[in-house]
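A, B, C and D are the chain letters, set down in written order, and residue numbers restart from 1 in every chain.
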Amino acid sequence: MKKLLTTAVVAAGLTATAAMADDVLVLGKIPYTLEHSYHQSIVEMFADHADKYYGAKTIVVDGQANSDTTLSAVENLIAQGVDGIALHSPDIGMTAAAVAKAHAAGIPITTTLIYPETKNAPHIAPQEALSSHREGVVAAEKWIAANPDKPIEIAILDFGGFEQVVHLRTGPFVAGVKSIAPDAKVVAQQNGFGNTVKSMEIMLDILQANPGVNIIFGGNDDMALGALAAAEQLGRGKMDNGVPLTEIIAGVDGGENAMIKIFDPNSSFKLTQGQVRDNARAEVDTLVAMARGELAIDAWMEIPTLSQEIDYWNTTLAGAQRFLQENFKFEGNLAELLAN
Amino acid sequence: MNGQDENIIEIRGIEKSFPGVKALKGVSFGVKRGTVHCIVGENGAGKSTFIKILTGAQPATRGEIKLGGKPFSPHHVSDAIHQGISCLYQELNIVDELTVEENISLGQEKHKFLFPQKADNLEKAGAILADFDSTVSLGDRVGSLSVAQKQIVEITRALVAECSVLVMDEPTAALSLGETTKIMQVIERLREAGMTIIFISHKLSEIFEIGDTVTVLRDGEMVGTQSLEGMSQPDLVRMMLGKVVAEEYIPSTGARDQAVLEARGVSTRKLKDVNFDLMKGEILGFYGLLGAGKTEVAEVLFGHEYRGEIKRDGRVLRFRTERDALRAGFALVPEERREEGIFGLLSVMRNIPLMNLKTVMRRGLVSGKAERDLADKYIDLLQIATSGRNHPVALLSGGNQQKVVIAKCLNRDADIILMDEPTRGVDIGAKQEIHNIIRDLANKGKSVIVFSSELQEITGLCDRMVLMYDGMVRETLRNGDELSTDYILEVVAGKEA
Amino acid sequence: MGPKSNPMSLVKNQNFVLLLIFVALNVYFATTTQSYFQLGNYFNMLTQNAALLLTAAAATLLMKTGNFDLSTTANLAFSGVLYALLASWGLPLTLAAVITLCAGICFGAINGLLVTRYDISPFIATLGMMCIGGGAALLICGGQSVRTGLPDNFSSLMQTDIFGLPTPIVISFVGITVFWVAANYSLIGKYAMAIGSNKNAAALAGINVDRVVMGLFVLVAIMASLAGIMTASRIGSGDPRVAEFFFMDVIVAIMLGGTPLTGGRGTVIGTVIAAMIVIVIGNGLNMLGILVFWQTVIKGVILIMAVTINEKFTFSRLSEKMSAPGFSQ
Amino acid sequence: MRFLHADPQKVVLIGILAALIVGLTFASPHFLSVTNFTNVLLKVAVIVIIASAANLLMVTGNFDLSVGSVLAFSGILHAYMSKHGVAIELSILITLIVAMGWGGLNALTVSVIGINPVIATVGTLFIARGFALLIARWDGGANIMLGLPRDFVDFGRDPVFGLIPLAIVVMVAAVGTFIFIEKKTALGRKAYAIGANLKSAKLSGINTVGIVSLLYVLVALFAGLSGVLQTSRVGLAAPTVGKGLEFDVIVAIILGGTSMLGGVGSTFGMLLGALVVGFTANGMVLLGIPFYFQTIAYGGILIGTLLLSRKFDAKAAA
């Protein structure tokens, strides 16, 4: 068995985290789930920043989008005696338990995105709600400008009533649309499971039932891309050089897959938002400050980070290129890719 | 059927309907206390259904049963057990994963808060068991026992449960001669002790040996209830079938001078230096007590490893799988038809071609017409009693299931056919039909090896018989007039020739 | 009755092989990582998986009858949410727990009824209940985890000690012992074994098969419900999306532990060791810092290899193979 | 009615399907249209394609829980190769061969070694899923979309004869093929025999190991094909797709009347089962029913269908 495991590990080409020297800071990072590109990137940015600025090592334990597993990850990191834990919890309730556990062990911990109710640890707060609202405003304005006679009907793909998504994304987005078009209606809201294929299937049904849908919001880019694929299959999903024809699709995250569509003048996926680097850096900086005793570990503090709104009309291609490079370590050239 | 007092069980107008079938059409008779009451009838006559009703496994559609003068309508098997009726069913009803002791107490344990208490009848159980077979102990896992030993455990279980009526549905079907004798002795003792026994068997010799009264069923109907005293075997058969059956050895017509199979020095863990020849057009019988090595010979001929050589037309055979054996022109009618022979869920039509699908393929595809024709051919040829070729085989009676297995095997058109207990659990009428089929095969130039634990079958059917004892061939006899049953029994019982 | 202690039979014992695998994994992780081989880490592993161990131990009895329950995930989520909900309304925790367990029993009762009375395969019946229960869990809390208005001692079940041992570990240990005793020494275990091995024989011996199966479905439901309460206490809220793959973990543990889907065999101890193997792999690989995707791969490989070793290379299996198919007795 | 006697479950399914179609026609003005029916067929296509082969596998008494992972793996592998310069046709070919390799692994563990299919195929489920995620990561992200050549998507989206989406054509072909196999070939006959009685099948000279292995490979091949079709249609390959697909497949099969123990079942029944599930899901989204109620309804349909068919069974028997 041992031999088997050894070979498996060696085959993996990965080296076990060797015994850690005492003077090196070790930080634990618990992403929401590594299965999404946003979270993969934030882990990478986190490790880079910790290493580059503080010479700190990073241990990643995946939360697998599950509060039970995430809490176990926290306990696992505590057992490994890390000097700080950056937690992206999937659930508000569980966050309190996780923070209490870390504090009991005297380990600094930060939370992010999922807003904690027990305010006793620093919280890195990406300002998604603002940008979601802004996305709604831009989408509504662009639609009305191009199609003043077609009342706005909104379709939403979410994660099945996941409340944080309501507070940070879908809620502010709808509010944003309504701030421009008060009579806009949400005609459909369904679970897209955060997944492109499922979103495509469901959006086909939604568009079938509600052909008048003209603004679609995906709770993440994968779902927005699924909505776009559905629209395209129905012969929609088009724009005339940035002028909305069939609908406007908005998402969240800002990865390269989304960006290539957003800056394609003839695709109807046009808006997104995101931040990776600043969030990761804020997490690392806060943890290190607490580990060094510069910050109290149990003091409430909200550290806002900008979630940058990106859309076809207001963001330059160069800006988008820079955004991708800074946040997703993008190595390609957006303009070249678009030309193909 | 005299006074009410004498009859421990009184049965009045019992009927049972299944979807599309009326299995029992008004059965009435009484069972006298302290007698051995036999029930006979062909497969499908309704014996098993009747037993299920009597023991609470199924409710009757109509009619009433009185036990000791009181109305008796068990809703569940344990009802019947608590009121004193225990039963040994035809199929083995025993749990392999438990020990003998656990099986004996199963369902009837005395317990406190679900924790079983030490049974007070353990000694009794041990004694009964030891009387049958001293090699089985209460602590053995049943899965490690042979079929016969499992049967013995079941009998012990029924005896241990303090019953006034013991129902035995073919208790000796899987037992060897010696064990059967033992059971007969036990039944005799039980009767003397005042127990009532309802005894079902296809072996008429047993009925006459042990029974007091007999009830004959045919097609779900009562033919009659009579005292066995003064009754002759042909009388009983006439009641059962409406015709007399007498089975005598009829030699196969072929020349039988060309050996198709030669076994020389075949040995396995169990077999010791087994030699025999099989001639073309011959029926060769293997006879011996349980554990004498019959099954092992069949195994060797159908793919198991062995030392020594078996030559088929001069070539040494080495099989690795059953398929190799089939390819070499062997076919097997296995002993356990439910587990190894039939495809219960599939229809008669689907079952028959499965050993040789080529017979229903036309241009590489299965032809529905060929399939139907083939099924009709065998249903007709073997007189398979089925409501249609689309009838699932699981719903046929035992004898007809066996005929389907044989049909499957015949369709293979193999030159050497191995038949392991070809008529176990098959009624007399069907048994004779099956024997005729086997004779027919031999007459057509096929070679048949019959493995049987029933001496009558061997002597009535086979041209030559190989007598086995303890993994060795003791003697090979040619069938004929001078054959002595007593001599054969002595040989297979181990007496030096 | 009960396991016989014969030193020679050790190698024939599947559980012994599982134990060897378990020990080997522990030795490997202990020598390759710094923080694995520590009491605290073992406490962590056991606390994190107390609910799983408990439910798997109980579900072993059910699986021995040839039945299984996929709805444990939904029951766990539903019970956790309900428990938190009741607690948030100010009910004493004990009362909340009792009511929750009563509600949790419904899963078992419906599963049992569908399987025994209506003869629906356990797969469909319990998968159906998994969907219904999962939906119901989301419904009663509106998709938001229940965490406001919970009493201060809400998590005490999972965070206190008894004689220096974390309470959840004590609970699961007691539970496992109870189920082990039930499986080996009580009629429940014997009847479960009999039903899985030969249902007909069990029925004809006078065992009320339906009632036993029904009872075991209810038992599993109670444990899954208790698992929900424990999980809610652990994470400090009632989360409807918790422990998504709970049923899978339960069934994998039972099957890896030597109980087949068709029942008739199996031991509670086997299940527990198998569950511990899966748990240790997850924990150890995390300690080694292996990327989660590789962990998934390794988990699959170990699963297949462990069960192959377990099923195929123990002596008992080999001897069974010797008495090859084709010919009975 | 002989048909009714033969298979009450199919009658119930046809009844439910008819009731769904009639009910939804009245309930939603958008239901009864070619586009919508195309949508439903597209939605069930992946399930039906895989279930065609998996149905016959279940008829032998085996099943495969790894189909969702193999689908995801194949999709991502195809995308990875296409992105890195392998011609589409060659990439599809290689993907299908590798997919069959997963089937081969299942065949080896289940059929040859003899491990229980639950554990063995769950093992494959983990391994294939892990590699799917790893391939995406080696490509530098969580999924593959950028840099896919144009004909990658064209393959999935260009309708056949300019009319019917490829996935539906493949689905019809798969169903047709397996109805044919089931009714007219030795493979079908033998599969039923294996499921009805494995020991009898062996003694009748049927190559049980070979046939079960072949079916495992076919199931994996169809899962791989579905993966290729799906990623091509969506234009994005994500390693996370197909989670829980194994349940959808098995549910369609069991709803269609195939027994998990083997020996009975039909491809046609499976198609009906898949359509009932597909139309239910479609109807609920059309009617805007919230997600929670959808999962509850899904469970209800499962149990309800079987309860109804049991009732019919009893009636037909009486």
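Convention: contacts are C-beta pairs under 8 Å (C-beta built on N, C-alpha and C of every residue); 3 or more make two chains touch, one makes a residue touch a chain.
Every value quoted in this text rests on a predicted model; they were computed, and no experiment measured them.
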item	value
Remotest chain, subunit B as reference, centres from CA atoms	A
Which of B-C and C-D has more C-beta pairs touching across its chains	C-D
Where subunit B and subunit D are represented by their mean Cα positions, the distance between them in whole Å	45
Chain centre separation (subunit A, subunit B; CA means) in Å	72
Between subunit D and subunit C, distance of the C-alpha-averaged centres to the nearest whole Å	29
Residues of subunit C engaged with two or more neighbouring chains	138, 143, 291, 293-294, 297-298, 301, 325-326
For subunit D, residues that touch 2 or more chains besides their own	133, 137, 199, 202-203, 291-292, 294
Per-residue overlap in subunit B, given as positions that touch at least 2 other chains	302, 322, 334, 339-340
Every chain pair in contact, whichever chains are involved	A-C, A-D, B-C, B-D, C-D
Complex contact set, residues of subunit D against subunit B	183-186, 188-190, 192-193, 195-197, 199-207, 263-264, 317-318
Touching residues (chain side subunit A, partner subunit D) in the complex	34-40, 160-161, 187-191, 195-198, 200-202, 204-206, 208-211, 222, 225-226, 229, 232-234, 255-257, 260, 328, 331-332, 337
For the subunit B and subunit D complex, residues of the former touching the latter	19, 302, 322-323, 326-327, 332, 334, 339-346, 350, 353-355, 357, 361, 365-366, 408, 412
Residues of subunit D that touch subunit A when the two form their complex	28, 30, 33, 35-36, 39, 42-43, 133, 137, 140-143, 145-147, 157, 230, 233-236, 238-242, 281-282, 285-288, 290-292, 294
Partner subunit D, residues of subunit C touching it in the complex	114, 118-121, 123-125, 127-136, 138-139, 143, 248, 251-252, 255-256, 260-261, 291, 293-301, 303-304, 307-308, 311-312, 325-326
